[in-house]
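A single structure is presented below for examination.
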Amino acid sequence: GGHGVSACLITKTDTNPFFVKMREGAAAKAEELGVELNTYAGKIDGDNETQVAAIETCIANGAKGILLTPSDPAAIAPVVEQARDQGILVIALDTPLDPIDAADMTFATDNYKAGQLIGQWARAQLGDAASEAKIGLLNINISQPTVGVLRNQGFLEGFGIDLGDPNKWGDETDPRIVGHDVSDGAADGGRKGMENLLASDPGINVVYTINEPAAAGAYEALKALGREDDVLIVSVDGGCPGVANVRDGVIGATSQQYPLLMASLGIEAIAKFAETGEKPAPTEGKNFYDTGVGLVTDQPVDGVESISVEEGLARCWG
Amino acid sequence: MASDRTNDNYESALSGASTDVASFEYHKKGFVGRLHDLLHTNPALVPLIVLVAAIIIFGIALGSKFFSPFALTLILQQVQIVGVLAAAQSLIILTAGIDLSVGAMAVISSVIMGQFTFRYGLPAPMAVAAGLAIGTAIGALNGWLVSRVKLPPFIVTLGMWQIVLAANYLFSRNETIRAQDIEANAPFLHFMGYKFQIGGATFTLGVLVMILLVLLLAYVLRNTAWGRHVYAVGDDPEAAQLAGVDVHKTLMSVYMLVGFICALAGWVMIGRFGSVSPSASTGMMGNIQSITAVVIGGISLFGGRGSILGAFFGALIVGVFELGLRMAGADPQWTFLLIGALIIAAVSVDQWIRKVSA
Amino acid sequence: MASDRTNDNYESALSGASTDVASFEYHKKGFVGRLHDLLHTNPALVPLIVLVAAIIIFGIALGSKFFSPFALTLILQQVQIVGVLAAAQSLIILTAGIDLSVGAMAVISSVIMGQFTFRYGLPAPMAVAAGLAIGTAIGALNGWLVSRVKLPPFIVTLGMWQIVLAANYLFSRNETIRAQDIEANAPFLHFMGYKFQIGGATFTLGVLVMILLVLLLAYVLRNTAWGRHVYAVGDDPEAAQLAGVDVHKTLMSVYMLVGFICALAGWVMIGRFGSVSPSASTGMMGNIQSITAVVIGGISLFGGRGSILGAFFGALIVGVFELGLRMAGADPQWTFLLIGALIIAAVSVDQWIRKVSA
Amino acid sequence: MEPILKGRNLVKRYGKVTALDHCDFDLYPGEILAVIGDNGAGKSTLIKAVSGAVVPDEGTVTLEGKEVRFSSPIEARDAGIETVYQTLAMSPALSITDNMFMGRELRMPGVMGKWFRKLDKPAMEKFAREKLSELGLMTIQNINQAVETLSGGQRQGVAVARAAAFGSKVIILDEPTAALGVKESRKVLELIQDVKSRGIPIILISHNMPHVFEVADRIHVHRLGKRLCVIDPKDYTMSDAVAFMTGAKEAPEAA
Amino acid sequence: MEPILKGRNLVKRYGKVTALDHCDFDLYPGEILAVIGDNGAGKSTLIKAVSGAVVPDEGTVTLEGKEVRFSSPIEARDAGIETVYQTLAMSPALSITDNMFMGRELRMPGVMGKWFRKLDKPAMEKFAREKLSELGLMTIQNINQAVETLSGGQRQGVAVARAAAFGSKVIILDEPTAALGVKESRKVLELIQDVKSRGIPIILISHNMPHVFEVADRIHVHRLGKRLCVIDPKDYTMSDAVAFMTGAKEAPEAA
């Protein structure tokens, strides 16, 4: 038992079901282990300031460990260091800090790999037509946060496109790319971004989306033009509505991640640390603990490992 | 000295005073002169000129791709939500207020319409009615705090924005209702997304509702007593009160109507996005977008001056810039930058026309 | 009849008119009466009362955890950026303007300070000077557009907000400069983060700068001609112009000073966060946060009324609510909801005190 | 005879400034009561207190024998008290017509008015033009001009025309001729006589002694926030009145 | 003698409204020139055009023989023209003292004033109080009262005191006594005579004929946006003046 142990969970926002699930996972595990849990979240995506204030509060409140999905992975490092100096265990969830060793450990999806999987799947799905595909990409927002860049660039690499600078999107020269737009990771932004891309080239037939709400919005835009059946949409996340959309043919394939697992592992690690002082270890061959990613699709292709929609629904969140 | 002057009963000299209304030879002639007068009496036309100019410039630059029924009606579809919110925002700003909660009210109303149908199994039309009613109720609460407790509208609606958005997440449990489920089980929620064609151009009921709403409000503001009271309250609330306008009643009716219109925007949102999501970005950005449209349209943030048609044109101007730049292939970061510059430019042109026609 | 009355040279009756200044017996007595008068002559004290009440309430609820020098100075540290921005925002709002670009100016200045040092190898103090200069220049551009081109401040600064944020991403190439690198190579950039202790309480230079800035501006606004002109311009620009105030010069100086203060906030940001990040959330939220502080502090959005001290207390009130609720362990969504409600409540109390002491 | 409008012991303080200092006030049916006094004596505050525009700190107001507590001018207006305030109370950005009919607009006859609540603009404009012509304001070229663009006198004329056109029980005029020209002032005096002949009592605040002595039935002399005395213009000269109100002469015992 | 201030062919139109219609204007050194005319005749617009508050559409303004084009009242003021506008041009939320010294504040002597630019509030308050007492405004209890809380007459008094205290070449007064009481008006007339005796010419717009005929050296009669005639008060009666300005009588040939 971890009596008297208190822990903090700090997420980017509190509105994305992904983080809601994370909180549920952490709360359930904390309850089980008798850890007192306080949760905090930024006001908007990218809200570093509130996260800094939250860490300061955790320090003031005498927490033993902090689980953090950083909004601005490099910018938050100094206050994380402050917390660690006070003997607090800091674990990054979902998004690594920059540098990654600024936290004691990272429990995360390999976002680059998540992108790669859908890229490879899309290329295999198109077959020969991949060489003259027309690709539209719907990213999160213009500040290009790392998670967004990793997924985007992973997708392009998986599809077989030269990346240019892998640390940013938008500098590729491949003519198959129609354009990048932003979606705020929401259905309204997804629809508008898709419309804008279609307005500049109506021939788009492959669409990458940052997450499934954006994909659903993009689908509405295509449907309005009667093009929903000849465009392939791929996405990342694996939320339940997203997986259901894979089932219904809205999305071709999505890379699923496992927030619940990240959070419950995190709470366990804190409880253990409080008891024994032992810190968690990374997955072999990586510098973080990989919580895994699964490609969800009912149209598996050769050479790309995937799970069925049924399996995806069983493991989905939100 | 003064005393002998006052002997003169000068007021008796008035008997022969002229009784004609003053009139002067009228000078301006020709097309420019007439345009001049038109703009002088209808300043709402100024943003229309800017809008037409923007369309023409993008049309020339981008050719038929932009100047097509498809692209032009796409703009209408893209601005329908902001357009409806801007109509609501105009009302508030005309009363010298500001409403930061318009987007939040729209989102929570759409969530209520969705959840009442799916979670509580209400028939869709009743759920829509419930959404509209709750939107109106939130508006009423805003109005009461502004007009009775006399709090600044900025603070009231800032607080309400946070409260409503948070309540929205708590109530919806962050769940999204998918378009496919709505399609299958409650197509009435998609009513505002219903499409029809007019000569190659696609319209939706949502677009139609936006246009009718703007026209209706323009009529009401211009031609009814209530409309004049809205202006009077925004112009100088104390003077309006002294002149016999029931300021409280007017403010309450405005805020309630605004709540209702925002809920309507929520219904339009379901039609446009298909799904119902508590994290729709309208909740965060609806307020700034609608205020921008209103100000570009020439309505004064100090209240009492401007026309709702201007706000509508303002929303369209932003829509034209956004789509035009994206079609021209500008990268998103540059688009963002250029839109900022274009908004300033549009309002400068607007200001210049006003000065010339003053 | 009238004519024989006018014979009466009544003005001659004035010779014996009383020449004493009117005075009345003064009624209010005792502590309440004195508090009354104090509030009547210094309305900036009202938010101070609300602030003290909030601290006491949270202190009772949370005990020594909250009521410690550490926690109380933590509030100061957490509000230092908003506090500096609110000081800047107050100036603009006193002139009946509004500045949506304050946060963006702060962020781009911090990025310039960082990138000029690291990318172009400038000595850190020169880079800081460059950041301050560029902030001032952006402010000057805002001021020029508002005062010469006569555009609404809302539009100018909205456009500038977008332009500056996008330019900031483009210029920085979305790169963050890490705290370790700054520490090692350009510690001067961290100057504002320098800490010192006063009896268990930790202060940073940034906090000190915020407090000094507010006091200085309060002095200047109250006791110099420039300060009176700022109020006059916000109160009624036409009257100020007719009375001989150079409205253009006053507005330009205000906007430039605001640009400078925002750049200073950028420097404070580097001190507080350690790193330099172009996507710092201040860029997106600094404007609404600073306006909120200003309005809670009792400054009218219509200009010309209120005190900058009030804005400072307003920033602290929000800081107390946020830290208090966080320490109490409220769930984030509930925290947002409660903060919304508390802001409305705080301003209601404020309004009530004003009414009672009117 | 009972006063139609009565104030007793009215007090109004603003912080350290005392505007009304235990002031009494009486208006009798059918009379023209002039209120005179130095600048800042508290005349405007007095009529604001009896017309609901400010709520007095102490004291009572009685209308037709019943004590009333107006919390807004709308209530006073509904009770039949029509006031032209010294600040005129107009909406600067609205037109002359809009201001004149503010709060009692005319609707179109028939369906348009009943169902669509459409205002009868032509009728309102015609009426406004007539009233202004009656006041001799012949220089107004455009009846749809915004009030803020009117000359000082034109603006005052619009406010006076509004009150005179709609008054019912009591009409209060706070310096109605201050900004008016010779001709226009004369017309306002005629209008006042005309209203009186319809049996409506009038309170007239004015600094113009000849005008006051010409039309007033009684004169309330206000000084330092209270009623100093009430005099009959037939018994005293203008010099006396001026001497009382400026403190040059002792006031006579209670009138 | 050359006029010190001269306007020729001045035109100002607002949309369809004509405020000035090819108007001429002359002010000679050392004189008091009264401007009279109906409400809305264009008097205020005329003085705004010569004092830089509006830019005329056509026509020229000449000061001391040199053509000037004021684009703001500050320029006119720097050229020595001090104006009390009919709308008073005060900042409502600021105090009496602040308004009185707006644009020419006094700084503390010594280091505080030079380095810290601190205003000398006690001195300014003392000065303001004196000026108001000179005008007979004894009812102002609190010299730090916001101007918006003053009575109509008190506010006008502050504006007049400001102009009189600081004038240099020309002083323009647009209806300075409209809201003033008997005593206060008399003091303003004395002040005008006093200013004149210092050799400064004055333009006085007023609807009060006895006052105009008492102080004016020449009277500019304004009608329908232009100068109808200029008369000498010694040659004409008030009745004549009123008849000219209202159109009841033909104006005499060019004065």
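Residue numbering begins at 1 within each chain, and the chains themselves are lettered A, B, C, D and E in the order written.
Keep in mind that, in the parts below, a contact is a pair of C-beta atoms (placed from the backbone, for glycine too) under 8 Å apart; a residue touches a chain by one contact, two chains touch by 3 or more.
Chain-to-protein mapping (UniProt): B, C = ABC transporter permease; D, E = Sugar ABC transporter ATP-binding protein.
Everything numeric here is computed off the predicted structure, so don't read it as measured data.
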item	value
Path length in steps (a step moves to a chain that is touched) from subunit C to subunit E	1
Between subunit A and subunit D, the fewest steps along chains that touch one another	2
Between B-E and A-B, the pair joined by more C-beta contacts	A-B
Interface residue overlap between copies subunit D and subunit E, same or different (over half shared)	same
Chain whose Cα centroid lies at the greatest distance from that of subunit D	A
Distance from the mean Cα position of subunit E to that of subunit A, given in whole angstrom	72
Interchain centroid distance [CA atoms averaged], subunit B/subunit D, Å	39
Centroid spacing, where centroids are CA-atom means, of subunit D and subunit E in whole angstrom	28
Residue numbers of subunit C (touch at least two other chains)	2, 6, 9-11, 14, 17-18, 22, 24, 166, 169, 333, 336
Set of subunit D residues in contact with two or more other chains	14-16, 18, 40, 87, 138-141, 182-183, 209, 224, 242, 246
Where subunit A touches two or more other chains, by residue	14, 44, 142
Chains grouped in pairs wherever the two touch, ordered by label	A-B, A-C, B-C, B-D, B-E, C-D, C-E, D-E
Subunit D contact footprint on subunit B (complex, rising order)	10-11, 14, 17-24, 223-226, 228-229, 231-232, 235-236, 238-246, 304-305
Interfacial residue positions of subunit B with respect to subunit A in the complex	65, 70-71, 74, 77-78, 81, 169, 173-176, 178-180, 195, 202, 269, 272-275, 277-282, 284, 322-323, 326-327, 329, 331-333, 336
Subunit D-touching residues of subunit E, taken from the complex the two chains share	14-18, 37-41, 44, 86-87, 137-142, 145, 149-154, 157, 175, 178-185, 207, 209, 224, 242, 245-246
Residues of subunit A touching subunit B in the complex	14-17, 20, 44, 139, 142, 170, 179-182, 184, 186-189, 191-192, 195-197, 199-200, 213, 216-217, 219-220, 223-224, 241, 244-245, 248, 250, 318
Residues on subunit B engaged by subunit C in the complex (per definition of touch)	2-3, 6-7, 9, 11, 96, 98, 145, 149-152, 154-156, 158-163, 165-167, 169-170, 288, 291-292, 295-296, 300-302, 333-334, 336-337, 339-341, 343-344, 347-348, 351
